[in-house]
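Following: one structure in structure tokens, then a few remarks.
Letters A, B, C and D mark the chains in the order given here, with residues in each chain numbered from 1 onward.
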Amino acid sequence: MEVGFIGLGQMGIGMAGNLLKAGHDLRVYNRTPEKAKPLEADGAQLAATPAQAADGADVVITMVADDDALESIVLGETGLLAGQGKGTIHISASTISVALSQRLTEAHAAAGQTFVSAPVFGRPDAAATARLAIVAAGPADAVALCKPLFEAMGQRLFVIGTEPQTANLVKLSGNFLIASVIESLGEAIALVGKAGVDRHDYVELLTSTLFGAPVYKTYGGLIAERKFEPAGFAAKLGLKDIRLALAAGEAMKVPLPVASLLRDRLLALLADGGQDLDWAAVSTLAARDSGQAS
Amino acid sequence: MEVGFIGLGQMGIGMAGNLLKAGHDLRVYNRTPEKAKPLEADGAQLAATPAQAADGADVVITMVADDDALESIVLGETGLLAGQGKGTIHISASTISVALSQRLTEAHAAAGQTFVSAPVFGRPDAAATARLAIVAAGPADAVALCKPLFEAMGQRLFVIGTEPQTANLVKLSGNFLIASVIESLGEAIALVGKAGVDRHDYVELLTSTLFGAPVYKTYGGLIAERKFEPAGFAAKLGLKDIRLALAAGEAMKVPLPVASLLRDRLLALLADGGQDLDWAAVSTLAARDSGQAS
Amino acid sequence: MEVGFIGLGQMGIGMAGNLLKAGHDLRVYNRTPEKAKPLEADGAQLAATPAQAADGADVVITMVADDDALESIVLGETGLLAGQGKGTIHISASTISVALSQRLTEAHAAAGQTFVSAPVFGRPDAAATARLAIVAAGPADAVALCKPLFEAMGQRLFVIGTEPQTANLVKLSGNFLIASVIESLGEAIALVGKAGVDRHDYVELLTSTLFGAPVYKTYGGLIAERKFEPAGFAAKLGLKDIRLALAAGEAMKVPLPVASLLRDRLLALLADGGQDLDWAAVSTLAARDSGQAS
Amino acid sequence: MEVGFIGLGQMGIGMAGNLLKAGHDLRVYNRTPEKAKPLEADGAQLAATPAQAADGADVVITMVADDDALESIVLGETGLLAGQGKGTIHISASTISVALSQRLTEAHAAAGQTFVSAPVFGRPDAAATARLAIVAAGPADAVALCKPLFEAMGQRLFVIGTEPQTANLVKLSGNFLIASVIESLGEAIALVGKAGVDRHDYVELLTSTLFGAPVYKTYGGLIAERKFEPAGFAAKLGLKDIRLALAAGEAMKVPLPVASLLRDRLLALLADGGQDLDWAAVSTLAARDSGQAS
């Protein structure tokens, strides 16, 4: 397939590489073009603007940091809206707000293009090895057409509906659930830790029984180790996603008390200078509040 | 080994049966003696009082409903303190308070006996099939001596320390973590559900990715199904355990904001008449607060 | 003084009337011009646009519903920025976001004009009788110049600093404090009410002792009476202000756990259809959660 | 009247003194008898035990620190139950649990005596100058009989019902409301303070408008001043009262989210070594969480 790919960060570089391996023709764009070098060596063409990456492409995939970045890539002067042909598809894999997803759905439709949301679950190593889980939502025929691309980038595909923004909401809710695991583990470990139970033993116990899931293993390990640098996912990004989940809840009138607590915890972490720590560092606040030096 | 077993409820009946199968001599006591019939048929002797179940036993195991029940069984006129010989061991498998665990540790020590705490993780079917996880704490030699009994009743043994009450604290913290999964899943499902995402699809997505643990499968299933009767674990018992976790936290000066939220949720559920529903019904409150009929 | 006045709602009509009484020359603008009739009868001139109300005025006062309204009045084609002369002052009395206050400060400065924030405390009857409390912030000389106008509209003036947005923050914090009184009174009344204490007696007791302030009298009365219509201040506006307080807190990294709780309560009230009730109706949620029909 | 008075702490000494001034015959008891000297000089008799203070008294008043103290004074070997005559009255002015109030009501009734609960609002200076507010509950004739005593000790009497424990509940709810003012003021001041608003100006503004009540003046002053020693009411006592309010709520199935938050805040303060600070020091936690050194 003729594919444009925009955003070659830690996640995007692996995803684009897997599309190349699967035999697709790729035009890539990144704000700092140096990052595209390894892909060029493997046969990708380098585009100078988003519009140029979209030129001739059936599908353009974007994987960028936040709402602002995606907005300028789509709506900017040399953006996708202007650059994509009629009948083409834009797959947004970024974690963005429900509100922006709705706006882009409308904007692309007005331009005779189709918007598909397909945020991903997984860290950079899963992106590099095509083991992402992809949550897609959009018009059924468009999603079907994109299937070979999803299969090249991930190992599991969940088609969650026909309205793109529901996929964004599911992604945000997933990050909310991760953060709630961090907070509750932090409280539990503050409790048993103050009684003298070894943190590593405790996490080992949990993850060999009822709580034997990747989320408890990954974050339980980080919390027991108190190792928050380098960040797998920075606290400031975590705050952004919790804020987007709360905003979606507010728009639909869904109170989310645990998310509210998480927002306050993340703010306290940032107020203390922790914006660049892994968001698992939220667990240090329960320890601190119980009088345990973290 | 000569073993006394007290408390033949849904959990105890399976645990005692597995001790018999493993070849131990069993004296069993239950407040309502009819429940002991099947065990008698398999060779257990029926005792008329806790003290009689303890008579001649190396180890007595108790598995009862709450602090009050255990207190009367140990400290009552025909209780274990009076009935156990010097040098014998009392293994408490019940979910009890940290405070009672400390009191019983002292009381048994004063009587020349040893107290071991060994609460279990698992539902009645795991008790029946010897697949419990057992968290034990107590003097090292006593725990070592009890090992064959633990192996007959469970598939995993975690020795967490030498002070019995730490095992009770770990058990309470585990129930707190389960409840926090219920609450956060309830909020997440209220959010995506109100946007039209199918609850079963959503739980399937979660449990096939980062959240692939028994706790998400069991409770995610109950919440998606909105099936809260019959209760696997009743809301009123859930409230009791959260209260005990909070009390332990208070005694050690460990604030637990998520546990505080859970306490308020469980109280609201009970105020609404839900004391006998499965505690997964806490999830209906997030749905209700978002204007979704539950 | 030559004064423009924009926004003749329940509050603005009284404030403008008091400026006329004090002898100032008034040009008034309102989206629906009928509301200006009584002021015209008293000598005010009716303007067709905000810019026209600003024409020739030394000071323009705005009192409108929200950020959106103020933005269009200031930045719109026939707005204040275009209509005010150099060296003139814009006093914003509306409850708006800190962020908009900062933007308008910059925009007016760039146009050679001065922005002063002066939100007010008080209900429509206080506006009509010049008993408002006014919290002003802005450049000292501008505030000094406006003093006669403040004195015509209110009975207390608090000059809180030289940066306009601090006055908006103080106003938002005040509304947060009112809402926190509503919530805590709601909980206290749910508690003593369920024990059979008469709600009116209880509020009488509180307000004759430690809690003898207007906020407890007004809201305690509404809660005891369960009278939430017509709304003195609608729940949807309350939610807006709590959201703005949270947003200000987020921008400055100040966690506000009680405000988070209030946000969730107000959302639950709105999800239940209560957007047009007085925000004191938040108190019904504590009653409902305790199983008391509200 | 013949009156026994037990408990000559900061509050009791003033209350007893006012009874003497009003002409009543007083027998006083205190664990450390030295404290009774000034009252002896004014005509009170010193009793060696609670029972002796009750000997010949129509009414015995107790004003002690907590449940444990009152329990031993009433139910101990030389306690009131044994020492009071049939038909006499015990007025408990202490802040105690609803549960103990119920137990004492029953115990006194079984002994042919009457229990009246009459906790007080006010600090030591109000006790000394007879400006307390007294909240009484008990059988109507008993309360009527005690009226001259209430009038000697306080300036306002609120008879809240015939079941003594409702007065205790009202007292606990009042302390909950005070604590909620501390927390919300702490958050508001963290917010405006971080924006540079002067704390004293802010409190002055609040208390001259909507929030002009003693509770805002007293606690707003302490928080603005950051003066938490010596404690007017120590954090550890505050935690005790919030715990009793939560326990009463739990017994009646009334969730109290703000009280839950206060409990966690007070625990964090105690974990940090603040048990003997005034409970207004809870406000430092909001400041700390926002990155402001307290």
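FYI, a residue touches a chain if its C-beta (ideal position, glycine included) is under 8 Å from a C-beta of that chain, and two chains touch if they have at least 3 such contacts.
Just so it is clear, the structure is predicted and the values come from calculations on it, not from any experiment.
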The chain whose C-alpha centroid lies farthest from that of chain A is chain D
Between B-C and A-C, more C-beta pairs in contact link A-C
Chain C to chain D, mean C-alpha position gap in Å, rounds to 38
The distance between the C-alpha centres of chain B and chain C, rounded to whole Å, is 54
Per the C-alpha centroid definition, the whole-Å distance linking chain A and chain C comes out as 39
Listed in rising order, chain B residues that touch 2 or more other chains are 249, 253-257, 261, 264, 267-268, 271, 289-291
Interface with chain C, chain A side, in the complex: residues 243, 249-250, 253-257, 260-261, 263-265, 267-268, 270-271
So, in the complex, the side of chain D touching chain A is made of residues 264, 267-268, 271-273, 289-291
Seen from chain C, its contact residues with chain D in the complex are 98, 121, 133, 135, 156, 158, 160-161, 163, 165-166, 169-170, 173-174, 176-178, 180-181, 183-185, 187-188, 190-192, 194-197, 201-202, 204-206, 208-216, 245, 248-249, 252-259, 261, 286, 289-291
